[in-house]
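One chain, chain A, appears in both complexes that follow, with chain B as partner in the first and chain C in the second.
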Partner chain A sequence: METKEENEQLNKTRGGFWTWVMASVIFRLILIYFPQNLNLSSRPEVSTPLTSLRRLAEGYWLKQASMSPYAGSMYHGSPLLLSVLGPLTVKSIEGQPDHVLCSVLFVIADIMSALLIRATGWKLQMAYKKSLEALGIINRLVTSGDIAALVYLWNPFTIVACVGLSTSPIENLFIILTLYGACTRLVPLAAFGWVMATHLSLYPAILIIPVILLLGYGPDAPPRKLFLQKGYCKTGDKNSSHVHCAQEEMINRSKEQIIFSRRPVVLFFFWATLWSIYVLVLCSISVKQYSSLWEMFQRTYGFILTVEDMSPNMGVLWYFFAEVFDFFRNFFLIVFHVNILFMVLPLAIRLNHRPCFLAFVYIAISSMLKSYPSVGDSALYLGLLVLFLDELADMQFSFFIFCGYVGISLLSPVMHNLWIWRGTGNANFYFATAIAYACLQIILVVESVGAMLNHDRKLRKLSVANLQDDES
Partner chain B sequence: MALPLKSTLFLLFLILVSNIFAPIISFGSSIDQEREEFYEELLLRPLPDRKVLAHFHFQSTAPPSNSNGRHHHLFPKAISQLVQKFQIKEMELSFTQGRWNYEKWGGFDPISSNNAKPPGVELWAVFDVPQDQVDASWRNLTHTLSGLFCASINFLESSTMYSAPQWSFRPATGNIRYGMLPREAVCTENLTPWLKLLPCRDKAGISALMDRPSIYRSFYHSQRLHLISNKSGPEGMNPGIVLEQVLTVVLQPNSQRTGMTFSGEKNVQPSWSLSSIFGRKVSGKCVLAKSSNVYLQLERALVAKLKKNKNKGADNIASEGFWSETGFELSVRPDRVFEEENNSHRKDSSVLFEFSVDKYSDSQPFDLGLTWKFPVIWSCKPAPLHASRFLMGSGNERGAIAILLKSADLHDASLGTCSSSDGYKFRVDVFQVVPWYVKVYYHTLQLYVNGQPKAVGDVIEKIHVSPSKDKISPGVMEMVLQFPCDVKSAVLTLEFDKGFLHIDEYPPDANQGFDIPSAAISFPNFYTSLFFPGNGSVDKSPVLMKFQEKNPVLSYTEVLLVPLTTPDFSMPYNVITITCTVFALYFGSLLNVLRRRVNEEERLLKSKAGKTTRLSRLLSKLSAKLRRKPQETPETPSNSSSFISSKLLLKIFLVAVLAVAWQYYFE
Partner chain C sequence: MAQTETGKETAREIPKMKPRPIVLLGIFLISHCFLVSVVCCTAGVLALLLLPVLAKNTYISENALMPGSASSMLSNHDISEANRLAKDLSGLNLGLEDTGIESRRILARYLSDLGAEVSYHKFLSQQNHLHPLHFFSSPDGLMRENFSCSSYGVNTVGIIRAPRGDGKEAIVFVTPYNFGKSDLSETLSLSIAYSVFSLLTQVTWLAKDIIWLIADSQYGEYDSVAAWLRDYHTPSFTGLVSSNVDACVVGNNLEISNDNSVVQGKISDGFRRAGTMAAALVLKVTDGNEQWDDTLGIYAEASNGQMPNLDLINIVNYLAVHRQGLRVKVQKFWSLLDLKWLEFLGKTFELLGKLARSLNPDWKFGIPASDYIEGTATLASSLYFQALGIPTGPHGAFRDFQVDAITLEISPKVSSSSKAKLNEFVLRGGRLIEGVIRSVNNLLEKFHQSFFLYLLTSPSKFVSVGVYMIAFALLVAPLPLVAASLYADANKLDFGMKFDKSTPVATASSERDITFRSWKWLSAAKEVFVIHMWGVVVLLLPYLISQIPDLSPTASFVSWVLLSMLSLLILYLILGSPFSHSHASLKGDWAMLKSATISAVFIGLLLMSVVNFATAEIGALLMVPLCLMAQPLKLDIRAASLRSFFRVSCTLILGFIAFPPVAFFTSKAVFEGPDSINLGDFWNWMESLRAWNSATYVYIGMVHLPCWMLCIHILFHSC
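Here is the complex of A and B:
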């Protein structure tokens, strides 16, 4: 009786999910058919020097004019993206907007990302339910996968990044593909996603740690210590127990949770090298004619690491490097990039039982501190955040953060307009919103990590209480 | 008697000495006279908009020789050293203030095509060195010229300021470098060193006319230095150099009769004389000059108008009395009159009056005056297409450059020549340099011919683009456009993004904006040449020789002023501190969250440990932890401190080792 009801509810929510997905697609198409693309493609928040499709078109034009696509300082993306998207920027169908083919591609990428988020969410939830049951904690979980997918699809940031002709939907797709592949233990898929994501935007390279943890330990679970405690408690009262086999099974299961399985990790490394060789070969084929792989690395990764372009964006580095004295430049470049790497290890140690959440934190940190951030990056981590709806239920300041996001996304264009277009404001106005945005993201990251750790504490309390109940 | 004897002896000695040395002196001087020559010339031309064009032309030549060593008789030593040191094949440096008005002052004659230059400094040079040394030579050359002419030409040293045009700027030249400084202010400190290169400076001859206030009051002035060196002789010889120094000035003669003119005579051109426009007169030639002439040129259109006014049928224009009847009067009788020989324009041809300055002296200075009797209206022949360039868009984020080519006048025969000379197409070369902070999207190139959008491939025959690299090189665009002959207007647009610079890269007046140098637009199907026959072939004047050269019509567009956004220049410290605070906030708060467990567990332990034995247990635990002994003594702090100090020592030692390793590694 109960299961039937549940199933019905599930079906209902599924139907609702698909209508919402369709609605989001239609909404995007409507926006695409607006004249001039609503000028979204020229917004600094949407298209950074790395993700702008206009620069990609310039690179493609240079390539067609038998020059290196990296000849000027225009294009800084991957040559593979150039050969896929380049022809689409030139082709236009009669009576349709100029970049309709690219836009359609980005919409498809968004839908695929949403579906992968949903599948990942389902997988995570199942695994989590199982592990909670193993601990004897009964918890009613929300279908966070569906919600996360819908949040990702309907997030204004995602919509703007998709309609505004930036390549970030594709980068996001590969990052999500990595997580999905690692969650479902499809090692080649995970390796492919990781290699492509790293190739496209460098920063996802740090996702290798969550992916290894995911493959080694399985998806997110409560701290492993709890399973051990449980197991030991059970073995401790062996004398008074009746059924041996059940205990053995329990111990085995808890051990299974704890033992790091090396095989998929080794496989992952194997596949990652294979895919990276493949990608490099493809790149070298496509750039061979007019430039070299070395130039490609210089123009893509070098451009990301030495913040050369100082046009305003949502981050804080552009203004910093426009103002900082030249002799300190290298020092601060190192400091800011090391700042991303610095937190990798402590977070990995503290959150090693929750690799997916760890991946979320890494993505959030890198999209906050990266050299050319855009709203597409924010859209990705906001979508992933919703996957942990149950765990982060009692996060602090969530309303404040929400209001902050709304406020910043309204104020930032206003300040940009005042500074660039009207000339009545100055750079500090816009930089202030960027600083506020960075602070908001910091609060979000810190609070979510804190909430997750508190959740673990709560689980421990619950499981200890359970154990005491069992004992008594 | 002793005195005359002595004097005769002395005389004899003198004669002897002179007889011995005279041939040597005369020989040496004859060689120098033969080889190094200097010409000074001035060409005056009334312009349709009540102005006068004065075109000074000085030419020094040094033929290839090794006999002189490093010494020169007339030729400026600085220039010959320059040529030798940097192996310059050809070089042109121009300082210009003001803009040549192509519509009113003409765009189809040798003066406008060769001497109208973009505002500021323009320098190009062709080097005779291997490809990899060209840039180094260019850098050294800019520094040398900057010292020589007291100008900031050394700014052209940086690779963001110069470019290497391939074919559109000057055809068939290999190692050419081209740079422009549109904002260079030109003034008397640039003119003085330029005059120093002349043998007579501005003390005698025609250059004595160069009164600084009247030159710098002019509407347009451009001083130019053009040199060509040819190594026709054998190796080891100094190259032969031809140095042209040209000053083109457009002046407004102040008409003294303004009070007396009647309302009907508004259109009478102002009468002028050399003394009224320059405030000086020519008192004889520069004695070192081989020839010293002043020319007065009347343009074709003006001559045609004058003929019409005369109403007397086609007379021989060169004959005397013609000009006195036709509407103007010259205060000095010309020595010779030339009429242009022209194939395409048989109807009217321009007239040149020659005045030789040789016979004038201090007591009787040369002062050419021209008095108009009747109002005359005429217009100069413009370039086939009038080129102008402008910016589109608003705001400081992006914009577009548009080059507009407008057909000057349709009734003119220029289109006829177009169809006859080169099929039915009409070729236009565009050469444009864009600084790197104007980031041009070349794929957005759009073309409109007669208002209709055209596919780029239909019109552009050849295009060469070298896109700009941030802080390394400017963007260069060279194009060959082919238009149909009946083209009325053509527009070419390119979109661009405005870059953002580091605060150190902004000039002191950052809010004034940045200049995009002029684009050079040439019409290779059209040539400018004026041929004046009857000019003696022996002493051909350099100006007239220049006029005879067949050069394609060339015109420059306006300099564009692009305002760029500025950061707050007073903020570096604030930005650094605020940003670093944000980073510290991130780092500190995240680390705090991550290590919060320790405290909590301790608290938990404390609460678990019960109240009575809590202190003792804690103490025992602490001491056990510190000393690894199950002993409970009150001396723990001292012991622990010693332990800590040993630990500290270990740490210091480790750091020292690291530092030594680091030092060693970096040595």
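Here is the complex of A and C:
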């Protein structure tokens, strides 16, 4: 009876899901028709030197003119992107706005990302339900996959990044593909996603740790200690045979959670090597005529790491490197980039039982500290955040963070206007919003990690109570 | 049992929590938010009233300006030249069209005789309309489409190349002149400008080019200046606009080549440019006043409450008062001058100031009551005109290109028809302009030293951003506190309810509700969002209504109101009315809604204070008390005490006044008398805001109105 109702409800929500997805597509298409009015593609928050389609079109033009696409410090993206998107930037349909084909491609990328998030959410939830059952905790979960997909699709940041002609939807797609592949244990897919994401924007390279953990231990689960406790207690009392069977099963399952399986990890490395060789070969074919692979690395990764372009953006690095003395520049470059790497290991140790959540934290941190952040990065981690709705139900300050995001995303264009167009403000005004935004992201990360750890504590309490009940 | 459990839980948690002092302070403030909000709001209003007392005397901040350090070189010879021009211009007695062409030709001849470069600039007068999406884009991002050849104007531009400059900087002065039918005062302004111009062609100290723009004001002063500036800053190689204008002009044939060949070399039809503009002065002469000597009115407000650098006003004021002996005035609300309570307030402050001085002679606090009243009237008008966001003169067009500009309105004493008096007047005006130009000429960089954000309380007194922000900050400070305390209360309330309901009754779904209590604000946020969407719809409606031809303002206003109500009804039908909750709404619902509303108001006001401070200040005065007091009427009626009655009446009055049309009509009745109210006025007012791209229009539609609506929702909440 209950299951029937549940199914009905599920069908209903599924229908609702698809209507909302369609609505988001239509909304995007409507917005694509007003590119001049919105003028989003020239906003510093939307398109960075790395993701701007205008720069890509320039690079394509240079390539067509038999020059290196990286000449003149305009284009800093991947040559593969140039070959895929480049022809689309030139082609224009009569009576349609420019770059309409690219925009449609970005919309498709967004939809695919959303669907992958949904599938990842399902997978995570099934696994989580199983592990909770193994611990004997009954919990009703919400369909966080659907919600996360819709949040991703309807997030104004995602919409703006998609309509504003930046390539971040495609970068996001590959990152999500990595997570999806790792969750479903499709090792080649995960490796492909990881290689492509790293190739496109470098920072996803740190996702290798969550991916290894995902492949080794399986998706997010409560701390492994709990399973061990459970196993010991169960083996302690042997009353009857059928209980014994159940125990065996339980122990097996819990062992599955605990043992690190090496095979998929090795496979992952193998595939990653294969894919990266493949990508490099493709790149070298693409750039062979007018430049070299070395130039490509210099102009893409080098550009990211040395923060050459100091035009204002949402991040905190441009202001700093505009102010810093030249002879300190290298030192601070190292400091800023190592900042991300410093956090990788401690977080991996603390959250190793929740690799997907770890991936979210990594993405959030790197989007906060990366050299050319844009709203597209924020859209990605906000979408992933919702995947952990059940675990983060007791998150504090959610309302405050929400208001902060709304306020900052409105204040930032106003400050930019005050500085650039009116001349009554100055760079500090705009940078103030960037700092506030970074602080907000820090609060978000800290609070979500805190809520996750609290959730683990709660689970431990519940499972201990369960054990005591069983014993008594 | 449940109670003991909670007890245990809290007991377990207390030793864990060791809040830091700053958190403790926050908790303290939140728990006493009622007292804090009363104190802060009162202090905010008081600080606003104190602003005229706190105003500082202006001073010239940029040392390079050195106003008045050189003696004026303008002589009677220049004046007589100017008089000759004026005589020639007024001597023309031709048809309307021909007068324009002929007087332009005379002007061009005079200018080129002086050795200046002369060019004509043709433009089409266009109506600018607010496209809501254009608000954040650049000023030249506005594309204008509809052309009509019927209304084109021709500006005449004279340029002097500076002998000591590199041609990279320029100073502009503008005299609006109606070539169709000009009157004496406009000719007077021309002759003042001409006298200065003729002097400047001879001087050797000029380091910046001088541009004299004789703006064709038959289609409005602002439009002609704005069109010239747009073309100045956007070089169009084969632009659509210019070709259109040329097509129009060919028919009307602006013949320059008829002039003698010597002159012809200097007069060009193409667009002439000088360097970037350091400053601009718009010079106007109005008909004489009866009360005082020659007066000088300064208008400085540009679009969205932007002001020119205070130094520009300072030098004009300094030179006008100390060198030329003009009486300088800025706009003020005359009706405020005879308000009784203001006089009382002024006297109180005076008394306090005296008291303070008697205690310690170093405390220079307090000004005479009459000064206070004058200051308040000026401050109020300064606030109002900044809040409107409509430029008060052609100088507004310069501000869009980051050029500091002001309009100088000189008016001679009436009955100064005698020749000598007129000459005297032209000499004074000319010397003032010359002094200002000489001062700006000394400038090495852009104006940056002094304030951009300030309010004037008299021509020589100002309130800077650091001071007036205090009043605003005090006013909005309670908002986040109250929002936080309401939010915390609402969460706690549910927490308590969880244990009130005995556990067996609680179903799985309610359990889930409880687990998600920290996300409960989502429904309130949804409602706030929906109402803001309604605000956007209301904002866009005048767009549609103005498309209907032949609609009187009153009819438009009524249809606007009706359509807005209709759209609200439709929204209710789609998304469910908040008044008819089918399911029993939870106790904390209204508190959560109020918390979300207050957050929205806070964000909106903060944003607006950055865009246009004056709007935010006035909006905060209207909105903040209402937002803080709003509470469901049912609760108060249930309580039925004196306090709740007082609260209800206060809230209702505030809610009535904060409704934008009511606020408009009330202020109109206060300032202009009750018999001047006309329903169509509000429509006209909003239309003018819309036509001038004012951010205030966006504020009213997207912050003020939705938040007012949400407060009304809270008032009639069924809790």
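As a convention for this text, the second predicted complex is superposed on the first by the 465 of 472 C-alpha atoms of A that agree within 3 Å, B and C clash if a C-alpha of one lies under 4 Å from a C-alpha of the other, contacts with A are read in each partner's own complex, and residues count from 1 in each chain.
Note that a contact is a pair of C-beta atoms (placed from the backbone, for glycine too) under 8 Å apart; a residue touches a chain by one contact, two chains touch by 3 or more.
Source: prediction; values computed, not measured.
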Touched partner set for A:L410, first chain B, second chain C, both or neither: second
Which of chain B and chain C A:G450 touches, first, second, both or neither: first
Contacts of A:V324 with chain B and chain C, given as first, second, both or neither: first
Chain B versus chain C as contact partner of A:E58, first or second or both or neither: first
Contacts of A:W421 with chain B and chain C, given as first, second, both or neither: both
Which superposed partner A:I442 touches (first chain B, second chain C, both, neither): first
Of chain C and chain B, partner touching more chain A residues: B
Common ground on chain A, meaning residues reached by chain C in one complex and by chain B in the other: 421, 423
Residues of chain A that touch chain B when the two form their complex: 42, 54, 57-58, 60-62, 65, 67, 71-74, 308-312, 316, 318-326, 335-336, 339, 342-343, 346-347, 350, 368-369, 419-421, 423, 426-428, 431, 435, 438-439, 442, 445-446, 449-450, 453, 457
Touch list for chain A against partner chain C, complex: 34, 36-39, 140, 142, 393-396, 398-400, 402-403, 406-407, 410-411, 413-415, 417-418, 421-424
Chain A partner contacts - residues on chain C that touch it in the complex: 131, 133-134, 136-139, 141, 143, 306, 402, 452-453, 484, 487, 508, 511-512, 515-516, 518-519, 521, 525, 595-596, 599, 603, 606-607, 610-611
Contact footprint of chain A on chain B as seen in their complex: 394-398, 436, 439, 441-443, 463, 465-471, 475, 497, 499-504, 565-568, 571-572, 575-576, 578-579, 582-583, 585-587, 589-591, 593-594, 596-597, 600
